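For reference, the structures are reproduced in the following blocks.
You will see chain A twice below: alongside chain B first, and alongside chain C after that.
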Partner chain A sequence: MKQNKALYFVPYTFWLILFVIAPILLIIYQSFFNIHDDFTLENYQTYFQSGTYLKMTLNSFWYAFLITLFTLLISYPTAYLLTKTKHKQLWLLLIILPTWINLLLKAYAFIGIFSMNGTANQFLSFMGIAPQQILFTDASFLFVATYIEIPFMILPIYNALEELNPSLISASYDLGANSWQTFRRVVFPLSLTGVKSGVQAVFIPSLSLFMLTRLIGGNRVITLGTAIEQHFLVTENWGMGSTIGVFLIIAMVLTMLLTGEKKKKGAIR
Partner chain B sequence: MGQKKFKWSNLYLIFVFIVLYLPILYLIFYSFNEGGTMNSFTGFTWEYYQAVFADKRLISIVLNTLLVALLSSLLATIIGTLGAIGIHYVKKRQTRNTLMSFNNVLMVSPDVIIGASFLIMFTFVGFKLGFASVLLSHIAFSIPIVVLMVLPKLQEMNPSMITAARDLGANNLQVLSKIILPSITPGILAGYFMAFTYSLDDFAVTFFVTGNGFSTLSVEIYSRARQGVSLEINALSAIMFLFALILVVGYYFIQQYNMTKKQKSRERERAKVVDLL
Partner chain C sequence: MKRLALLGGLIAAVCGVLIFANHQLNRAQGITSGNTFSLYNWGDYIDPELITKFEEETGYVVSYETFDSNEAMYTKIKQGGTNYDMAVPSEYMIERMIDENMLEELDHTQIKGLDNIDQQFLDLPFDPDNQYSIPYFWGTLGIIYNDKFVKEGEIQHWEDLWKPAFADSVMLIDGAREIMGLSLNSMGHSLNSKNDAELAAAAEKLDHLTPNVKAIVADEIKMYMIQEESSVAVTFSGEAAEMLYENEHLHYVIPNEGTNLWFDNIVIPNTAKNKEAAYAFINFMLEPENAAQNAEYIGYSTPNEEAVKLMPEEITEDEQFYPSDETMKHMEVYENLGQEYIGIYNDYFLEFKMHRK
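Our next item is the complex of A and B:
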């Protein structure tokens, strides 16, 4: 049996070393090389000294925060109401279905909807407002990013609410609480685990949505992800790209620590 | 709860669903537009669907994408299932938790980090970018989800079954093929499906490790979308939506199957009781 167990582990361990541990170490290693392949701390120096990188990082955090906030505000009521519907499984399936459509296609749809003669502007002129430049603005980026992340927030919150013991709610009512008090004191605190894993599932990817900043944000919004993609695939300055990557990893670890080590439920990515 | 309140809540849900589906339906609707734009519908045409099927390059990209998805999810399922069985048998709790944290690293890492670090890794070992690098990356990021899907099924498995099998003289291979694998099949299937969709859906990682010459659908859509609107993409998205719909329905049935056969048998018993009455 001993030998057998070891056999199970061989391919898995290979994967663990080659594709989990090695890449992280390599990205840290690469961050110490400048564009001329010299071993320096130059990249870190540039990161902290030139204001652009720090500003970009803060900006990226701010956008990710906004996206997470909007997503949460829309998703919490949706998840809550979902638990009250009759055909839960069917509704839930309908929530999941859009996540199976390629993200690029959804972004592409918004290029059409938000374009100068697109549906959004037709609607505006119908309402008596002159057509506006909607595509390539910060607002359009926020809107599309929120749209894409909504299902990933709904699922964990829904799961947390579903696991909630209904007798706790009955107890709360029996003890004389009204529905608002029950929600605030019982339902919401108990669903916080779902909110936390939802925030985790939305905030971290929001820091790195480079395709949206390119297609929808028109390069006006630069997130950490956009900067990394730029450094790796356009300017080929891998060292600086890796340095930003290291900060993105730090941001990821911090987010995970803050939101607690919860298993991501129903995260589809 | 009052009747009125119930209706308001349904209204909100319906609104959210409309918002979720509108862009997708919008894409599909205009794929039939004769006018060639995404804003005014001038007439019905199948032209763009014909264009998709006539576009040899696009078809070969679709086939590439499917090939990568099928192969990567299959290999990821095999490695992930074996890994999950291995993790399940680790006795020390500390070691198991460490293994699980490492397993989940790729689940929570942003795509850009995965893509960039894989790119560094492939260049570091001198691996040529192309089909193989994309395939390896897809296998790599699909393994953790398979492990996460299979592990709960292993924990649900009754350990005395294995003891019983051993007492009856089964060897390791027999235990694996006759006891363990059948009882975790739903988890394996769910893992396979998830891995398949991960692979189909992925853009960022592929974008980093694809190099020149090899392209998947997401990468192709990205480069076309950057050049503006082309209704061929709309037609393609309609086809993909149908495909996703089929996949989701398939996944739904697996989930239903997963949803404990106990429940079903209980329902059956109840039906029997009703019949008797």
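Our next item is the complex of A and C:
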């Protein structure tokens, strides 16, 4: 019987080795080669010395941080209210619905909305304000990225709040806490697991968003994804592209570690 | 389990029927192995009437497939499994495909009408003696502007893009060679420069362009210019031709101090199955009447000298697409700079993109 159970893991292990571990090893291996196919640390040297790449990394982190922050600010109250509503399933469906639509299509829709003659500017002129340049600004990029990531933040937070045992809240009130104290001391700490996985689900993909940076940001916002794409497709300097990829992976692992659940504390629950 | 087997069987059966139907359809269209000519071309890059005419004249059945970038075409042919008899890559891609032995060397004895092509478009550095490719269309990199926002004559040279009047209103094409090239050209240098000092100066100059740049995008330029989102853009003449067709306020300018001259040429991939048909098609397209008809339909500039004579003067006198010899003299074809310099061009371009106002 025990052997049988182990067998179930075979397909997944295979998958893991083939599509997760092997590619990562390949990227690391690839990153040690320069364009002349010599085995060197040159790419890492370039990364730290050029300034361009460091600046780009900081840029990526900054934008990913802002996107995550805005998503969280919108998602937490939404998820909280969602648990109080009557038709939860319907609301949830409405929130998930946009994720069924391809990212590219959504980006193009926003181009239509934000352009000079778009809906947003028509509304502005209706209000008596001259048309503004909305597309290709930081604000529009952050807006669209936040919009796209919101469902991925709401869901884990909502799940964490749903799982919350209502008797804990009753107990808190019985012990004399007011509603703010209950939220601060009971509800929020218990929903932190949801917030953490939400942050992971949003921050990590935001680090390497590169299609939106071009379509909505007009390449005025540059993230690591842009550089990786360029090195693989245009300059064919796969070594440098891989090196940037390695730093992206390191950044992701760090994020996971920082936001990951700490086993010991979790056990008390 | 039984249900699963049933479902699987059903799917297999449906697939079988579809394959059979496809086969029948192909037969109905006359596509059998011997007489098919498979053309791999850019989307909407040939007058459909010419395909019908070719089919009628030669009896071949044309299967027309399209690609949207040189890289996509390259990857598909490189991977194999395709049997395109003809493709239409741009010059830098032809050079690369020659290097990688992906192209069939042309048998010039089987080609009639190569002398219809203007001498200046033959024997170019990317394909000496036209051993592998025949010119199909050519074009330039230039500036397109909207006369609602920009006065005529206000933009004539690359230098004009730097004018403070165009703050936040210029769209650039997302290509390192193009943008570094225009900066080099504006300083009177070659766009194939491998001089480090010139390149550094060109990159430095680009940083001053940043306040004028609205966005650095690719194909979307077409849509934005037609919708008048932006008043000025740097783009290729081919794209420009389509924009002019859609919006009469747009005008295309070729800076006469120098710019890029590009080509889309006909080639026969190594994997071609029906080379006879490919030669028949080359000869068909070299005929002046056909080339003229095609050029009028597509709106690009034809390299076929005899065809130009057949076309209406309002097209061939148009300096936007048939520039004067004086302007032509300063144009340059992109040379393959080698990986190291392509890297340098791209690094400068990346720095330019990151430069903030």
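By definition in this document, the second predicted complex is superposed on the first by the 245 of 269 C-alpha atoms of A that agree within 3 Å, B and C clash if a C-alpha of one lies under 4 Å from a C-alpha of the other, contacts with A are read in each partner's own complex, and residues count from 1 in each chain.
As a convention for this text, a residue touches a chain if its C-beta (ideal position, glycine included) is under 8 Å from a C-beta of that chain, and two chains touch if they have at least 3 such contacts.
These numbers come from a predicted model, not from an experiment.
For chain A, the partner touching the most residues, choosing from chain B and chain C, is B. In the superposition on chain A, A:256 makes contact with chain B only, while chain C stays out of contact range. In the superposition on chain A, contact of A:133 is made with chain C only, not with chain B. Of the two partner chains, chain C is the only one that A:35 touches; chain B does not reach it.
Contacts of A:156 after superposition: neither chain B nor chain C is touched. By the touch criterion stated above, A:194 is placed in contact with neither chain B nor chain C. Contacts of A:239 after superposition on the shared chain: neither chain B nor chain C is touched.
In the superposition on chain A, A:215 makes contact with both chain B and chain C.
Contacts of A:115 after superposition on the shared chain: both chain B and chain C are touched. Looking at chain A, you'll find residues 111, 115, 117, 214-215, 233 touch chain B in one structure and chain C in the other.
Contacts from chain B toward chain A in the complex involve residues 9-10, 12-13, 16-17, 19-21, 23-24, 26-27, 30, 37-40, 78-80, 82-83, 85-86, 89, 99, 102-114, 116-121, 124, 136-137, 139-140, 143, 148, 172, 194, 197-198, 200-201, 203-204, 207-208, 217-218, 221-222, 225-226, 228-229, 233, 237, 240-241, 244-245, 247-248, 252. On the side of chain A, the complex with chain C involves touching residues 35, 50, 52, 55-56, 59, 111, 115-117, 133, 135-136, 214-215, 218-220, 222, 226-227, 230-231, 233-237, 240. The part of chain A that touches chain B in the complex is made up of residues 1, 4-5, 8-9, 11-12, 15-16, 18-24, 26-27, 30, 74, 77-78, 81-82, 84-85, 89, 91, 93-98, 100-113, 115, 117-119, 122, 147, 150-151, 200, 204-205, 207-208, 210-211, 214-215, 224-225, 228-229, 232-233, 238, 241-242, 245, 248-249, 252, 256, 263-264, 267-269.
For chain C in complex with chain A, the touching residues are 71, 168, 171, 174, 176, 213-218, 220, 224, 227-229, 339-340, 342-343, 346-347, 350-351, 353-354.
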